[in-house]
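The structures considered in this document are given below.
Okay, so chain A shows up in both of these, paired with chain B first and chain C after.
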Partner chain A sequence: MANVELDAAAVVLSRRARERWFPALQLAPVAAFLTIFFVIPLGIFLVYSFWITRRYELVADWTVASYSEALHEPAYRRLLWNTLLVAAIASACTLAIAYPFAYAIHFRLRRYREPLLFLVLLALFSGYLVKIYAWKTILGNRGFINEALLRLGLIDDPLSFLLYSRPAAVVTFVNFLVPLAVLPIYASLQNVADEQVEAARDLGARGLAAFRRITLPLTRDGLLVAFAFTFIIAAGDYVTPQLVGGTSGAMIGKAVVSTFGVTFNWPLGSALAFLTLLAVVLVLVGTRKLVTRTVR
Partner chain B sequence: MGAVPRRVAENETSAGDAEPSIRLVGVTKRFGETQAVAGVSLEIRRGEFLSLLGPSGCGKTTLLRVIAGFERQDSGEVWIHGREVSRLPPEKRPVNTVFQRYALFPHKNVAENVGFALELKRRPKDEIRERVEEMLALVRLEGFESRPVQSLSGGQAQRVALARSLITRPDVLLLDEPLTALDLKLRKAMQLELRTIQQELGTTFAYVTHDQEEALVMSDRIAVMNEGRVVQEGAPSEIYERPASVFASHFIGEANLLAGTVVERGETDTVVEVDGLRIRGPAGDLPLESGVVVSVRPERVRLDASGQGEPAENSFRGSIRHRIFLGHSIRYVVEIAPDVLVTAQIGADDAMAGASTGDEIEVTWRTSSSTLLPSS
Partner chain C sequence: MTRRPGNVAAVAFVSLVLVFLFLPVVVVVLFSFNDAASTSLPIKGLSLRWYRAAFDNDLFVDSLENSVVVALSAAAFTGTVGTTASFALSRRRSRLMEAFSVFVIAPLILPGLFVGVALLAFFDRVNLHRSLLTIVIGHALVTLPFVVLIVNARLARFDRSIEDAARDLGASPWQTFRKVTFPLVRPAIVGAMLIALAWSFDEFIITFFTKGSGGTLPIMIWGMLRRGIDPSVNAIASIILATTITVTALGIRLFGVRGMTR
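Let's turn to the complex of A and B:
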């Protein structure tokens, strides 16, 4: 008798323990992965950013000199500003394209929903460098646009500003960011039932008012996630500005790479990277505050 | 097909006094291959509670959505209070809708949901607050203003939806199976509550339901729909007592349906032969030899052990096959001829309530209790 009760107690206990430890165990692999491959390297570079280099060697001499150099050097400030500007324009254009598309597949093109989403995934996973080079050939001096305009006799010399410019960088970013933005927006549109929009119309809201007061607030979080995805990726990218951006489309990523790789100034490179990270986080937090206050 | 009565909206004499609240003229709506609404003409009077009753897929919800403006009819007209609204968007029509699954706005609290229509009209804040309070009192949810709508139970959510759609005092309220998602007990309570609110406000209610009992309990008038058409309309008692078709008698309430042939047409009655039994029904204009279905409500059928009870024109001897206890009443299924079963429902305090399966018994009903329907 007593034995049975004891066994029962043990079972209860072990179940309770399991309930407590299971979630922790489930989280453990990803937590370990992120700690080893993300948090620790990041921490190391944070430490480096407060060190100095002497004859291309890192020396643990604690100082904020790198930060002050990064902040006072006009070239870096211009690059950082340009980075935020290009990323913001690219994100805004991306959302302006992705939202109507996601809206259409949720509300209007239901029959084609699956093939369209499949195309989105296809676009998402197709090569990123391929897209950049594609734009290079479209916008270049011997590219599709210039050739067409030349053949039509509309211009005598190729338009060289098409490539190596800020618009070229924005166009390329938009091209590979749109599929990434469609998915969170589409997911958040699942929260919006036809009946809710109909109820708003029924109660006297015109189409636009119903969108502004019902659909938009209900998809706000999806939009914010899409904005965060696209802004972070655009602000951190250095291949696109390097290949199609030219001087007006230059961004901080390239400067960070060359500070590490060319001048071997790791503290300055780390400081630039952390300042960029800080700026991006501030933009995201600010946007979130602004949007949650106005869209409701 | 000839059994389906054509609705007579053109009947000017009845529309003499007041303009009806809603007038539908020959409304049709097709979705691809499916004819959802097949030419409905219908009038809903001012202040009336009209139920659109029919099985799922009969077109009742589509018809309601056409009135609300969510669907555009393929042909026909929609008039509300003497004004044609056939081409107006939902926001321009003086009707509001209560949806089956409430359709509350999840990012707004109860007060913001209820006040939505007034806020759209940019009414002063004080007025909105006052009206919201008034509406919440009407649906007995005082003090719920700042609750998030996710925290509401089904019944509360539906009451919020009701308050939200009544706050602009619409001429007509359209309700699309609003109680379906609630449990039975709550549904019964809400039926009475809805009816009370409707009478208090004098608003015209057009109420879609597939639940015949609900329609009988709440309505002033019922329009029975089947396959996109209104097959019968009238007061609940009228529809219950005098169903116009086999479909209506089958769908509304329960009925014994006995198929046979007219063999005699007298001054006072008609005789129908059903599997050798001669059943009497009221005199009518059904031709001799034509196929008919005799419909008899179970509660009109009496049981009699010895033939001593009050006389009835229809009287058949049979044996009890099933006895079903329902609490307040008892239902007997009696075989009066091989494979001809008649269900009788009697009160639990009836003298015959003690009869049991296998007993030989007399089954009786009056001529007037038989309804003769042309078999389609």
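Let's turn to the complex of A and C:
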């Protein structure tokens, strides 16, 4: 009798142990992988920003010299400012397209929701470098916009400002960021019940007022997530500014890449990168504060 | 409903945005078949000469091979460890599990430049010679989130009572998993792995920092762009596009559009 009870207790215990340890075992490979190849590399990257280089050798001399160089050198300050500006313009334009787009799919084109979202997902996964390169050929001096305008006799010389400019960088960013922004906005639109909008209308709110009081506050978090995604990606990109941005579209990513690949001043490169990250986080926190206070 | 004037505007706007989104894809594919070397309209004639030129190029063949090996390895790895983790993450909702999910997604949210440069510094510090393996490691970091998110979403919709029923009928935990749970979740797992594969095939930013002497197709395109005009770049870009679009479409069909938009 006592043995039976003991066995039962053992079974319960082992099941409990299994329930506790099994999930830990399932998470272990991912946890180990991320620790070794994500946390530790980022740690090293951060530590390097406090070291210096002497004759192209990294030396563990703890200093904030790289940060002060990054902050005081006018070229880097201009670059950082330009990065935030271009990323902000690109994100704002992206949201201005993505929001009405998601709204139209969700509320106006109900029957075609799935195929349209399918296309958005396809656009999201269809080429990054390829898209940037394509914009270079579309906007270039011998690209087809200029060729078409020349052929139509609308211009005598190719419009060189189409490429290697801030607008070129913004158009390219918007082109590959819109699909990314549509997803969180669309997800948040699912919070908006038709009855709520109808009720607001019945109570006398006109179209825009109903949108401002009901739909916008309910989709606020989706918009903030979309802004965060697009702003971070645009601010951290180095390919777009390099291939289509020119001088007015120059951004910090290119400077970071050249400190790692050309000048081998790794401490300066990582200081620039972490300063940019800090600035990006500040912008995101500030935007969040501002938006949550005004939209409710 | 469909006759409202607002709907006409909605259709027009949505179509216009879609044209804008797919314009680069159309341009690249169109010029890849152009008989002339220029990238301007109108197209002079259709030919496969740039594809032939690409396949005659040893660098292209090597890069294609590298891309395939890297994408398959990254997808196999993330599919295995990511799915395993998803089972633990979806089984119990707790603060710790939510924090872990954020941890898994972090490498994708951070700019690729950060991840790439950090890996470069790390490989240099531990004297890990850069090769296809280091490319796979970088790709695994950014494709793991897709696998975990997609499989998690599938498991969240999973009806646990089916498992209980199997247990009541005498199946062991392993049998329940093998014969009931896994077959039901498998489409989502395969779909997620296809998404990982497509993402890896197209990845450039991190690969740029983690590659050794052998590069992938996007790396080859980058090199060609820096050397000047070579029209076969359109053919190579089209091959990347055709691969990622087909693989992505297959993947989305498997886990469903809802698997990623909810």
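Everything below uses one rule, namely that the second predicted complex is superposed on the first by the 262 of 296 C-alpha atoms of A that agree within 3 Å, B and C clash if a C-alpha of one lies under 4 Å from a C-alpha of the other, contacts with A are read in each partner's own complex, and residues count from 1 in each chain.
Quick note on the criterion: a residue touches a chain if its C-beta (ideal position, glycine included) is under 8 Å from a C-beta of that chain, and two chains touch if they have at least 3 such contacts.
Being a predicted model, the structure only gives us computed values, none of them experimental.
When the two complexes are overlaid on chain A, chain B and chain C sit side by side with no clash.
In the superposition on chain A, contact is made by A:V257 with chain C only, not with chain B.
In the superposed pair of complexes, A:A199 makes contact with chain B only, with no contact to chain C. Applying the stated contact rule after C-alpha superposition, one finds that A:R296 touches chain B and leaves chain C untouched.
Within the superposed three-chain model, A:A235 lies in touch with chain C and out of touch with chain B [touch as defined at top]. Counted by residues of chain A touched, the larger count belongs to C, out of chain B and chain C. In the superposition on chain A, contact of A:P217 is made with chain B only, not with chain C.
Once the two complexes are laid over each other on the shared chain, residue contacts for A:V281 go to neither chain B nor chain C. Once the two complexes are overlaid on the shared chain, A:I105 sits against chain C while remaining clear of chain B. Note on the composite model: angle chain B-chain A-chain C, taken at the C-alpha centres, equals 90°, rounded to the nearest 10. Figure legend note: chain B and chain C, brought together by superposition on chain A, show a least Cα distance of 8 Å.
Once both structures are placed on chain A, no chain A residue is touched by chain B and, in the other complex, by chain C.
Note for the complex: chain C touches chain A at residues 6-7, 10-11, 13-14, 17-18, 20-25, 27-28, 31, 38-41, 81-82, 84-85, 87-89, 91-92, 100, 103-104, 106-107, 109-115, 117-122, 125, 137, 140-141, 144, 148, 195, 198-199, 202-205, 209, 218, 221-222, 225, 233, 237, 240-241, 244-245, 248-249, 252, 257-258, 260-262. Interface of chain B with chain A (complex): residues 68-70, 89-91, 95-97, 99, 101, 103-107, 116-117, 120-121, 161, 164-165, 168. In the complex of the two chains, the chain A residues touching chain C come out as 22-24, 26-27, 29-31, 33-34, 37-38, 40-42, 44-45, 48, 97, 100-101, 104-105, 108-109, 114, 116-123, 125-131, 133-138, 140, 142-144, 147-148, 175, 178-179, 183, 186-187, 190, 229, 232-233, 235-239, 243, 253, 256-257, 260, 266, 269-270, 273, 277. Within the complex formed with chain B, the chain A residues making contact are 191, 193, 195-196, 198-207, 209, 213-214, 217-218, 296.
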